[in-house]
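Following are the structures in question.
Same chain, two partners: chain A is paired with chain B first, then with chain C.
For the complex of A and B:
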């Protein structure tokens, strides 16, 4: 019974993440459109895109690693979704801690690096080297932030962290208890999403979408699915760490969408940084704020 | 002289699949395909200037599901905006062959229809549809964004009803298209994409896929070599 229960949760959680992620992608494109004074795409546009890409009749593969890379990229996020507790479902969140989660979140970038390497397209290689540089940049503040939160809660288990924040309403939320860490986390989240001004590795006008340059058909479809998971993961991690998780589905979804909306609203107002500027910026401000935040927490 | 063969042979409508579920699936895929078009614009001509207003806030193509993409692998539509010089045409053909099917070519401006004001130029390809299977022409010098969008809506309707299958024509009558390309570029013309192999792989072989022009291609074809690494 217990195994069956876990199995159902492990199946449902990525599915829920995908559906919510589709709407997050829609929200992102609508916000971009509104900022540019456009109407924006219709309600099911992200779904149409994915259906169309998987329905392409000729597929161009560059070899076995190209295929495996996409599977790793999507699979890494699917694994991450099972460790993110949602209202009513914990999956394997209480067995896997924050450290496992941070580790699993690196798998997609590495998978992409594998796949893009075989495409032998110089734009792709530049893109993936920039993506790994960006990962190096944002993982430092991200690790500092989750260390601070875990120290504050006395546990690196997301279920415990959420339970602790729900004891006393808003006053016990991470964003009230540790505002410096929360701000550093938001900064790191923006870099993790890879939106402007941190969009160094997509850069359509410069390196022709970087890692995606040789992806067509189902490969690009896989990356579109990955984007849904990426937005969902970012929103839910931040909600769980700082906004008290979700008491029920309504508050959970409102919080996650609000978290994703903040970096996106900022993103479309800015041009792009250069790679070294991103590393300099992300290693300076969020790291500094995060370390001060940790000092307050450990005091 | 270029042989003046009518380009769009009356295509046999694909028979409906008998399984009702498969039919529903086909309809769904056609609908998704029509509502999500990634566009690669090959903007060498003056018609390109009409695309920014069509894409941005004034007319906003994204509400029809059309958005620009930057590489041929990701794109569904190849927009050829304006006159096509012979040198440009080589690049357009390379680009077209790298796109994943189903793919659609749209010729914008009079120059792609009949050479337009470059009719007497020795260096301009006159009719785009002799070299590529064009799905739709948007005539005008230049067509306004409204015309571009109404043309795209026509394409959307065609795709929705399964009538926009010209990409198959390129595989089924490759000999014809290749012959016209060789006439323009010389007998040594070859592209990195193995169109005949793709036609064989995906079951798109037609009676005119092979012919005298593909024989010529095979006799001059050099195998692709990886680029030399230089610093």
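For the complex of A and C:
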């Protein structure tokens, strides 16, 4: 593969992720609206929101690390998108693999955590404390799922995992082959997205939106962009692990949107858990199912 | 004279210079140069890493028919490299203002220099051991040298150091007993003879020496349940001394375990060796000991309120990854375990240096009495940031690569529970190190710290050097993996097929050059997006959202104590301090035993003797 080709892929992949992510945010807001019997925002509202936030006149910085935190949060996701294969483009997926991807995805969170810390607001710090606790909770079923899938496929490489699932149609999809892992994965995915009932670190009524308490203007805009990437990443990882990836762009997008829609449809029906209840719940059911799933896979 | 002789002589010279000039103001600088000379001497032997060869020392003598020899191979070279570098940077750190302040505060700078030099020398001797007897001699030298370093600060360190030496003596007795068992079979202390006899021993007979030696060397590694001494002993050592100990000291236990488990017994045998009356093997036992050594100390670290204690507890936990990778025995796992020794040394020293710099400026390492220092000490913050990313094992730092290798090995070997245990350790580390950097450098700057400045260059330079190493070996892990491959070839492990950026494998490669490159390109784009937005203006930290109130400097607005309350409400009751309880139970049991024996010979109590005699006679008559 020549340099120009890979450069085009590395540029296109995050760009596609951002655009798809915008529509995922739109979908999320529309679903929420329908559940609450509202109309919901128009098509380009997410884009307008980001442009508005970046262009605002009042941009309050709490120090250089506050800025760097936002840069790391957005930049980390941009990098992670190049490790997620999409139809026709593999980026650097074969040079990184699943574990690397899982750990690169922690870099944006670390950046955000640093930026929030610099703001010197206890609400933000409590938010980060809760977010890290949630991460400790959901990453355990998540890595169990990664282990099971990698063992099943005999490889840590997402390209191989996808190729293996496309051998003979739906029958070879992960969700058919390893349904327990797929369910555990969906549960973990819901917690990763941090939507209700796992929304402990935003908790507007308790800690004044936690990490976002001192964020305004382009800082909040950066977080908005991050959310687009986050939804896209979650949907695509799950599609790649369990739904056979994308044979073409149409099925790829349909699957990814469907995956993201599942937790969102559930989310707005629930209130919020307490932190320790999140940990208890996530350490119990998805972990148990995931381990049973691994036991099936390894036999 | 071989290069090894030069190295040992240079190290001895360092000790002499420390003895003669350690109290002078320029002493630290001279010592720094002699450590650099030692490093140069070691580089003369760098050829060792390319071929399975040994360099013997001309120093050797015969006692009671046993010849004592010293020699270096790739394994010794690798550990020696870390040892000397740790000594060099710690001394560089001590040489400037830190040492001046240490002396002004009543510390014994001369003794600190001597202790570090002695530690380096004794470790170099241990690493050169060519037979079981020299291994034991080196072991004892290292134990007492680190005891000196731990105790020299006085105060609370005395108790910690005495606890250490008690454990170390217990361990040494176990090692001695193990060696005696082997000697009983062979009448020789040489490695080949020991390896021969250990290969031919039956399962039941192999267990005794194996267990004794593993326990004995495990004390230094602080493997569970022998870990209680380490955190306090390291944390109470003065700044650079703690960095030195945290970087390399306990890894001597790993070196000795490699010699025993891999070179003498052979890992294949350990993997096959069954635990009697069960279905698990010795390897499983070791792997689970390693896994628990990862988890428990890491979550103990999470609860610490002293930065040095927190780091020292993590040092114990990270040792678990090294052993875990090593006992997996495949190319990836053992490479990960060995590489983690280097990686851990680099970031751990950087972290201790950074904490010591904060203590130098503020006078405290209490995580509830700091905050907001990033605005005053940006370089120390940078070193700590690089260090914690390495410690937590996130890209792009070197800790990620070694942990990645261990994870991959656990996945390929089909060990899901150990894999989850390793990841749980990493996640706990992330929580803990964020608390560390948040409580020290982020959040609200306290009024009393308003006017402090960055630490002087003599202190920031070593930590920045280490930060660069942490980053560069994360970007190009092949630099370290070439030494690892040499070690694997020397000790008889499968050799890793590495590249500059990581490794190529059909089952999933890792190329850090690409990963890091893309990551920084991503940051670049993120920066462009960020700075293309509207103009920012800085506000004071008191100009914050406070629920409608106004903040003033006397309001403590920093969230620090009990940082993870939600998690602690769930796992808090699980902290039962069982190991501490066990230790105190053993302690009081031994106390009782010694008291009662003392009673027999100290007190003139004929009635006791009469009673015992009567009972014995009765028993004899009745039976």
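In this section, the second predicted complex is superposed on the first by the 298 of 299 C-alpha atoms of A that agree within 3 Å, B and C clash if a C-alpha of one lies under 4 Å from a C-alpha of the other, contacts with A are read in each partner's own complex, and residues count from 1 in each chain.
Heads up, the rule we're going with is that a contact is a pair of C-beta atoms (placed from the backbone, for glycine too) under 8 Å apart; a residue touches a chain by one contact, two chains touch by 3 or more.
Treat the numbers as computed from the prediction; the structure is a model and nothing was measured.
Colleague: In the overlay, answer first, second, both or neither for which of chain B and chain C A:88 touches.
Modeller: It touches nothing on chain B or chain C.
Colleague: Contact-wise, after the overlay, does A:37 reach chain B, chain C, both or neither (first, second, both, neither)?
Modeller: First partner only.
Colleague: Between chain B (first) and chain C (second), which does A:57 come into contact with in this model arrangement: first, second, both, or neither?
Modeller: both
Colleague: Of chain B and chain C, which one touches more residues of chain A?
Modeller: After superposition, C is the partner touching more of chain A.
Colleague: Please work out whether A:125 is in contact with chain B alone, chain C alone, both, or neither, and reply first, second, both or neither.
Modeller: A:125 sits against chain C, while chain B stays out of touch.
Colleague: If you stack the two complexes on chain A, which partner ends up touching A:48: first (chain B), second (chain C), both, or neither?
Modeller: Only chain B is touched by A:48; chain C is not.
Colleague: Once chain A of both complexes is superposed, is A:204 in touch with chain B (first), chain C (second), both, or neither?
Modeller: The first partner, chain B, only.
Colleague: Which partner does A:169 reach: the first (chain B), the second (chain C), both, or neither?
Modeller: The answer is neither, since A:169 touches no partner chain.
Colleague: Let me test your reading of the model: by the given contact rule, A:213 touches which partner, first (chain B), second (chain C), both or neither?
Modeller: In the superposed model, A:213 contacts both chain B and chain C.
Colleague: Both chain B and chain C touch chain A; at which residues?
Modeller: 55-57, 59-60, 120, 208, 213-214, 217
Colleague: Touching chain A in the complex: which residues of chain B?
Modeller: Against chain A, chain B makes touches at 28-29, 31-33, 35-36, 56-57, 60, 62-63, 65, 69-74, 76, 98-102, 198, 201-202, 226.
Colleague: Which chain C residues qualify as touching chain A in the complex?
Modeller: Interface residues on the chain C side: 371-372, 374-375, 385, 389, 393-395, 400, 404, 407-408, 411, 414, 416, 419-420, 423-424, 427-428, 430-431, 434, 437-438, 441-445, 501, 506-511, 514-515, 518-527, 529-530, 532-539, 541, 544-547, 557-559, 563-567, 569-570.
Colleague: Taking the touch rule as given, give the residues of chain A at its contact with chain B in the complex, in rising order.
Modeller: 29, 33, 36-42, 44-45, 47-49, 51-52, 55-60, 120, 204-205, 208-209, 212-217, 220
Colleague: Under the definition above, what is the set of chain A residues touching chain C in their complex?
Modeller: 10, 14, 53-57, 59-63, 65, 67, 70-80, 82-83, 92, 94-100, 103-104, 106-107, 110, 113-114, 117-123, 125-126, 128-130, 132-133, 135-136, 139-140, 143-144, 147-148, 150-151, 154-157, 160, 200, 208, 213-214, 217-218, 221-222, 225, 274-276, 278-280, 291, 294, 298
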